[in-house]
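First subunit A sits with subunit B, and in the next complex the same chain sits with subunit C.
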Partner chain A sequence: MTPSHFAFTSAFMLGLTGLALHRYHLLSALLCLEGMMLSLFIALSLWTLQLDSTCFSASPMLLLAFSACEASAGLALLVATARTHGTDHLQSLNLLQC
Partner chain B sequence: MCFIMYLILFCFVLGLVAVASNPSPYFAALGLVVVAGMGCGVLVGHGGPFLSLVLFLIYLGGMLVVFAYSAALAAEPYPEAWGSWPVVVHMVVYMVGVVLAFVVFGGVWYESSWVSVDELGEFSVFRGDAGGVALMYSSGGWMLIISGWVLLLTLFVVLELTRGLSRGALRAV
Partner chain C sequence: MNPYVLITLLFGLGLGTTITFTSSHWLLAWMGLEINTLAIIPLMTQHHHPRAVEATTKYFLTQATAAAMLLFASTTNAWLTGQWEIQQMTHPFPTTMIILALALKVGLAPMHSWLPEVLQGLSLTTGLILSTWQKLAPFALLLQIQPADPFILITLGLTSTLVGGWGGLNQTQLRKILAYSSIAHLGWMMLILQFSPTITLLTLITYLLMTTSTFLVFKLNKATNIATLAISWTKTPALTSLTPLILLSLGGLPPLTGFMPKWLILQELTKQDLSTLATLTALTALLSLFFYLRLSYAMALTLSPNNATGTTPWRLSSTQSNLPLALSTTTSILLLPLAPAAMALFTP
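Moving on, here comes the complex of A and B:
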């Protein structure tokens, strides 16, 4: 695997692991999600640039637009959680008790 | 040039290890800023300055600024930085995982120099990635309209989610 491909693949896997194993704060899970989106942006841009398929360079821009939508929805959920539960600690989100 | 690209890619992965080890969100946002800066360096080194500029402006200057002041919601008296024990354990495990993955998957890569494809072409002020983004306005016009519509819809989603206690989507019951 070439170094740049390995870099963004391992960055995506690391962000996914950080999202799966988040500990205290909802915001740190959202930041890991943003890290995954960033690695996807780098991946699509490197695909564009390394293969000289410049028609494809609109796709990282569209990914960024939709990632902004997702980040704002996540942050709105964070604000709503902080309003109703007082903090964004994940231990306080215990309505579903299994 | 090759050494700088190796360094930038290494700092990219290291910064994301620092984010994924889940410190306090202040420090995770700082790590994400470093990762975005290194990502911009990768794109510039491969000959795509416009996409790098878009990443800096929109991602760092737009989205991460919003994350930075939303980190005030995660305020605590003793925030866990990268020196505290659980974070260090996570970071060590992730770095060992990355090294093992490189040993397993990156074994065939032994060439130690690469030249950006851009350097072998002719001299031109017109960059390929900027021209490709301009296609979003001509052939990809429908995608532009759809993404604009989605952004407007997200605005209303956010307004609805944060409307308040009495009539909003989330209530303190």
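Moving on, here comes the complex of A and C:
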């Protein structure tokens, strides 16, 4: 395992742990998701740089575009949740547990 | 919803699944899954109801996490082995992680708890799309990777059949019952995946047919819980006598279509000297059968007391198209004699 591999793996795992265990605000969950996507961006960029290949160089930009779409969908859902539930606490998302 | 927006979203759903089907590179497969997720989110929130918004938020969080885990595992695979091909997964760690991510995406047992809640918050049409079309892309990926360790798939499968049967026992809400039935059927598919992918594909197709007809029947009756289902004889008497057959086909009783995948799976497991596992799964199918039987009982064998105005909805004609319902109902009841032909069709 190279140092760069270790760096992005630990960044991703930290984001995943935060998403799984820190369940208080919806916004913090979205931030953890964004951190995971950014660590994947670093991973793909380093892969391209290490290989020195041009055919793979578009992939980090594609990933960034998709993660931006995903983040905007998440923020739209944050607004929708704030309008319907009055708060962004994940605890208040309990209407469907019957 | 604006028809242009609706067409764009439905096109996006089709495009995402098609990209995942045709890709051999993990990044493209991931893009297809993301397009799929992003396209169904506006469909899920089209009624601005707190339940719909909550279900969409939960769906978004699980699907985004699963997709990120999938891409992380494939990137790790590329760093470890230098390979981006879907069919060339050799390292055990990324393979296991990808299987877990796809299990989270389709809702298999240890990662299943989002599925009943999400399905409960949706309309029946969106629920139909969610439990049929959205399963295709993850299963196309699952069918292409060969796990090194048989333990994980068997654990996922057996837990899913158990939880799917157990969770549905105490439910009165039809969409939650259908969600648990989906979990149980996906468990059967996972059990057989490493021994015979052909049978997995056959099980998936028959499950899609049966669940389509069930959702369409419930949509025609506008039923979301058992009590509403119990007065469906006032709307469509002929369909009411047919629906127990569909439900028992989902449960897997012999002269119906649902028996075919269970039969083949049990036979294949016995061939692989796993008769204990086969017995256990057959026993967990009994748990599922119990709630299908309860639905059939409430629908066809009881006559709940109603006032005169409650029993006249047959006067209102339905605007729903009958052709999909007729086709899926016929195939989900009568397909068992075609089992050899179906097996030959799916054998590569």
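The working rule: the second predicted complex is superposed on the first by the 97 of 98 C-alpha atoms of A that agree within 3 Å, B and C clash if a C-alpha of one lies under 4 Å from a C-alpha of the other, contacts with A are read in each partner's own complex, and residues count from 1 in each chain.
Rule of thumb we're sticking to: contacts are C-beta pairs under 8 Å (C-beta built on N, C-alpha and C of every residue); 3 or more make two chains touch, one makes a residue touch a chain.
The shown structure was predicted, so the numbers you read here are calculated from the model rather than taken from an experiment.
Asks: Of the partners subunit B and subunit C, which touch A:84 in the superposed model: first, second, both, neither?
Replies: both
Asks: Is it subunit B or subunit C that touches the larger share of residues in subunit A?
Replies: The partner that reaches more residues of subunit A in the superposed model: B.
Asks: A:66 contacts which: subunit B (first), subunit C (second), both, neither?
Replies: both
Asks: Quick check for you: in the superposed arrangement, does A:48 touch first (subunit B), second (subunit C), both or neither?
Replies: Only subunit B is touched by A:48; subunit C is not.
Asks: Thinking of the overlay built on chain A, is A:28 touched by subunit B (first), by subunit C (second), by both, or by neither?
Replies: In the superposition, A:28 touches subunit B alone.
Asks: Once the two structures are superposed, pull the subunit A residues common to the subunit B and subunit C interfaces.
Replies: 2, 39, 62, 66, 69, 73, 77, 80-81, 83-84
Asks: Show which residues of subunit C lie in contact with subunit A when the two form their complex.
Replies: 27, 31, 34, 37-38, 41, 45, 48-51, 53-58, 60-61, 64-65, 68-69, 71-72, 75-76, 78-79, 117-118, 120-121, 173, 176
Asks: In the complex of these two chains, what residues of subunit A are touching subunit B?
Replies: Subunit A reaches subunit B through residues 1-4, 6-8, 10-11, 13-15, 17-18, 21-25, 27-28, 30-32, 34-35, 38-39, 41-42, 45-46, 48-50, 52, 54-58, 60-62, 64-69, 71-73, 75-84, 87-88.
Asks: Touching residues of subunit A toward subunit C in the complex: what are they?
Replies: Touching subunit C: residues 2, 5, 9, 12, 16, 19, 26, 29, 33, 36-37, 39-40, 43-44, 47, 59, 62-63, 66, 69-70, 73-74, 77, 80-81, 83-85, 93, 95-98 of subunit A.
Asks: Subunit A touches which residues of subunit B in the complex?
Replies: 5-6, 9-10, 12-13, 16-17, 19-25, 28-29, 32, 35-36, 39, 42-43, 46-48, 50-51, 54-55, 58-59, 62-64, 66-67, 70-71, 73-74, 86, 90, 94, 98, 101-102, 105-106, 108-109, 117-118, 128-129, 131-133, 135-136, 140, 143, 147, 150-151, 153-154, 157-158, 161-162, 165, 168-172
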